[in-house]
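As structure tokens, here come the structures.
The same chain A turns up in both complexes below, where it pairs with chain B and then with chain C.
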Partner chain A sequence: MNLNRPVIRLLILKDWQLFEKQLAAYVLAGLGALTLLGLARPWAFYLGSLALIVVVVAAACFAISNSLLVERKEQTLAFVMSLPVSPLDFTISKLLGNLLTFGVPFCVLLLGTLVVILSTPLPDGLVILATLLFGHILLAYSVSLAVAMQVESEGWNTFAMIGSMVLVNPFLMALGQIESIQGPIRQDAIAWSLPAALILGAQLLVSVVVLVHTAWWHGRKAAFY
Partner chain B sequence: MTAAFAVSGLCKRYPEFALQDVDLSLPEGQVMGLVGVNGAGKTTLLRLLTGLAAPDAGSIEVLGHRLPEAQVAAKRDIGFASEDMRLYRGRSLDWHIELVRRIYPAWDHAYASELIRRFDLRPAQPLGGYSHGQRVKALLLLCLSRRPRLLLLDEPTTGLDPVARAEVLETLADVLRDEGRSVLFSSHNTHDVERLADSIAFLHQGRLVAHADKERFLDNWRRVLCLGGGAAEVSGWPELAQVRAAGSQVEIKVRAWSEDLPQRLSAAGLSVQRVDPMALEDIFVTAVRTGGAA
Partner chain C sequence: MPGVSPDAVPADRIHALDHLRALAMLAGVLFHAALAYSPLLAPVWPPADRQTWWGVDALIWLPHLVRMPLFFLIAGYFTASLLERRGMGGLARQRARRILLPFLVAWPLVDGSLALATEWAASAVTQSSPMLRLIRDWLALPDPPGLPPRTGHLWFLYYLLLFGVVLWAVRALGWGGGLARLMARGPQAVAGLLPLVLWPGFMATGSPHPAPESLLPEAWALAVFGPFYALGLGLHGRLDWLTPLRPWLKPAAALCLGLYAVLLDHWTTDATVARTAWATALLEALIAAWGTLLALALGLRWLARPSPLLRYLSASAYWTYLVHLPLLFALQYPMMDLGWPWPLKFATAVSATTALCLLSYELLVRRTPLQRFVG
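Up next, the complex of A and B:
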């Protein structure tokens, strides 16, 4: 595989520079939500967890739509493709750039959530629920990113993003039906049950498979059009 | 002489359009104008020449690189700007210069500074505040300052006001003085092409209708006004692209002028009243309507 690494690095840096301020704003909003969570009161917990989900979902949608959909719509992609990059270079730079621009706020907020849970009176068992919740958003993000790289239609992309992200609600409800997950999250100890571990493993595996398949699919293309 | 690009049997099909069987080459150091109406296939051809699109059939070689396989190597020596290409509105020209400069080692900083002055651009201002003309100039600056061996420009003057258009054409004329640089630019403005190009290619409905040196185009084509009744007799002559009679007056557009043509027309019963050179626009329209070659 012959990659133009210096240009890929520059394109990733370009995406980071383009979106760093907005992503910092998402992180700040997420830290506000975590502050509410940390108050460990019922009203603050519900408000904070809702705000946290909204912020992480919004950051995911922002990263995808600005680096791919808006670039396509505003015709800046043509400028990038005119640079000395192959379709594979471009795909790798877009995937890694996206993983960086979304990954940084995602990791900051995931770690922040775990720290808040472990350092406040909230039951430590919530770590399992929070991890599965972030796992779902990561999976939804990976699927939306793959669709955005494959499909030019704005309508389908919006459907993929909104559709996969709003599934977080049924997902949480489904988790509530699994006793081996529901029980431990109320306890002050972190006890990963087999179903919880399997769900997390499946989320991570499918996310990786979707992203690798996207890179492989685009890497086979000889040209952009 | 080596070719800046050479395409042979080139085909590219889309659901609504097909570029068909194009054979075309440009010697290094030459300037070619690609003329065609909207939808003629100019953008498709330029995308194929940059490796952005892959052909369905035929071969493409640009600066010795086979495309689209070697598009990365080719694009290092190509400056490509198209009408549908935009820069980042929230970022300044300085930011774009820094990005492009780091990709192209041959970036000419002094020339970029000169173009900033000549185009009267504000390099620190976000491009969202630029007019269309300023954005086109900024894009050209980013292409020209990397000193490419081959410049591919898709409709570089479309949508520009007369002042901006003159500035862009003057700059391109300066660039073209560099004999080592090859340029292919598309336009539906034949005046721009007539001013800048060494050779001209006409594209229409995905086909190459005509291709020749500019001087040969202008020398070969003539508009001949005659009087007489022999229009039907001469209308089948291969060197005549169009014969139109209105009463006793006959207008003939000639695609292959020769000095003995007036005598032959007289022998056919047509008295030649005047012979005029044709403007490129008129040649283009006639060539497209008659499907004729130069």
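Up next, the complex of A and C:
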């Protein structure tokens, strides 16, 4: 597999530079949310938690929308085809670029959330719920990214993004029905039960499989269309 | 202290800023050592001695209100210098090497050594401080609850990283012009506005302000130290911008001293746990703003000539910052049971800590690969 690494790097850099402004806004909003949580007041906690979820979901949707859907509309692909890149190079650059632009705010906010739980009087068991919540957002993002790369229909893409992200609500409700998950999150110790570990493992595995399958599927293509 | 590193300083070195940094670091060692004899901090400072003197509080809090803002201002200045020479990517790499990595490595070591010394003191020291007694009772619990992770005195590094992220975001969003427009209004306008900007931050915390050691960004610390970092960024390449303030130096010094006298009157021993009243916060904001500008202006005027001693202290300041507190605690805990007069204990602790910091810098940092990270 011969990859044109310098061009892939440049394409990722291009996505980063195009997305930098929005990414900066998301990171600032995330810091603002964490600062709200740091005020240690009930209203600030609820507002900060909500802001964190909004920021990470918005970052996920915006990364996909900006780098794939908008580019498709503006027919950037025609320009990319004039570069010395193969479809696989282009796919890899899109995947890595997206993972970078989404990964930065995702990691910052995941870390911030864990810090909130571990450094406040909140029960440490909430780490499990928070990790599963972020696991769901990662999975929803991976599915949306895969759909955006494989399906050109704007309607289906919008459906995939909104549908998968909104599923976070029933997902949380479902977690609330599993006693072996619900019980430990109220405790001050982090005790991963088998169902919780299996769900997290499944989220990570499916995310990776979806992304690898997308890369493999595109890699097999001999032409861009 | 970080924020200024040998590779961050341009060829036309600004000695005054190096020297100010060295003096501010020395003031930090003196401050932390003196806290053991401060009546104001006696209830909460672990190595608090049974001997206290009101004069300690009168002497240490004024420089402290100026010292940390000055560090942030200098850090902002040299950040702008790095940004100009290396761009945002180069700045990010330099910050990762000189701040993030040392923070991640030093944090568990410093935290662990402080915890170890304090646990030893809680069981071994007979003339315990109120905080040590509390820790002793807590350790005696059958299953003592764990304490949340905190940055300890390395909070300065943590906030430098945060301000670095904010700087990147502000530049990416194209908001940098606001600072330039503010600076264009002149130093008198900035000096007049600065206390008003700091005021809400001081109101949102205790007085005297604690160290923002939480891993969550603390709003008051961002509001108090952020403007100084921004001012440092704005001052880069035009330190002569401060020149119009020269006629105000003496009146400002007198005013700061007067305001500080009123502030001391406001403080009571239980003030640390209470929310700051608006008047106390305003006093702190005025002193921090004008005192810092005053210290900077005086430094630029009197410390501009090269000094090998201050240059050396400046070079070792980062290392001293990292290691001085565990050394100080380790020295002060055993001294709590000694019958020496407190000035002797204080002098011993300060001189031994400084000597150990400089000796370890000489042996472990100055001529070793560590120089690139914490030298």
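FYI, the second predicted complex is superposed on the first by the 215 of 225 C-alpha atoms of A that agree within 3 Å, B and C clash if a C-alpha of one lies under 4 Å from a C-alpha of the other, contacts with A are read in each partner's own complex, and residues count from 1 in each chain.
Just so we're on the same page, contacts are C-beta pairs under 8 Å (C-beta built on N, C-alpha and C of every residue); 3 or more make two chains touch, one makes a residue touch a chain.
Remember, predicted model here, so these are calculated numbers, not experimental data.
Asker: Just chain B (first), just chain C (second), both, or neither: which does A:Y46 touch?
Answerer: Once the two structures are laid over each other on A, A:Y46 reaches no partner at all.
Asker: Regarding the shared-chain residue A:W217, is it in contact with chain B (first), chain C (second), both, or neither?
Answerer: neither
Asker: Quick one: classify A:G38 as touching chain B (first), chain C (second), both or neither.
Answerer: second
Asker: Going by the contact rule set out at the top, does A:S119 touch chain B (first), chain C (second), both, or neither?
Answerer: second
Asker: First (chain B), second (chain C), both or neither: which does A:D188 touch?
Answerer: After superposing on A, A:D188 lies in contact with chain C but is clear of chain B.
Asker: So in the superposed three-chain picture, is A:A78 touching just chain B, just chain C, both, or none of them (first/second/both/neither)?
Answerer: After superposing on A, A:A78 lies in contact with chain B but is clear of chain C.
Asker: Which holds for A:A24: it touches chain B only (first), chain C only (second), both, or neither?
Answerer: The second partner, chain C, only.
Asker: Of the residues on chain A, which ones does chain B touch that chain C also touches?
Answerer: Looking at chain A, the two contact sets are disjoint.
Asker: Mind listing the chain C positions that touch chain A in their complex?
Answerer: Of all residues in chain C, those touching chain A are 145, 148-150, 162, 165-166, 168-174, 214-219, 222.
Asker: Which residues of chain A touch chain C in the complex?
Answerer: Per the stated touch rule, the residues are 20-21, 23-25, 27-28, 31, 34-35, 37-39, 112, 115-116, 118-120, 188.
Asker: If you look only at chain B, which of its residues touch chain A in the complex?
Answerer: 47, 50-54, 68-69, 71-73, 75-76, 78, 80-82, 84-91, 95, 99-100, 102-103, 139
Asker: Please give the residue numbers of chain A that touch chain B in the complex, ascending.
Answerer: 4, 6-7, 10, 14, 17-18, 74-76, 78-79, 81-86, 89, 222-225
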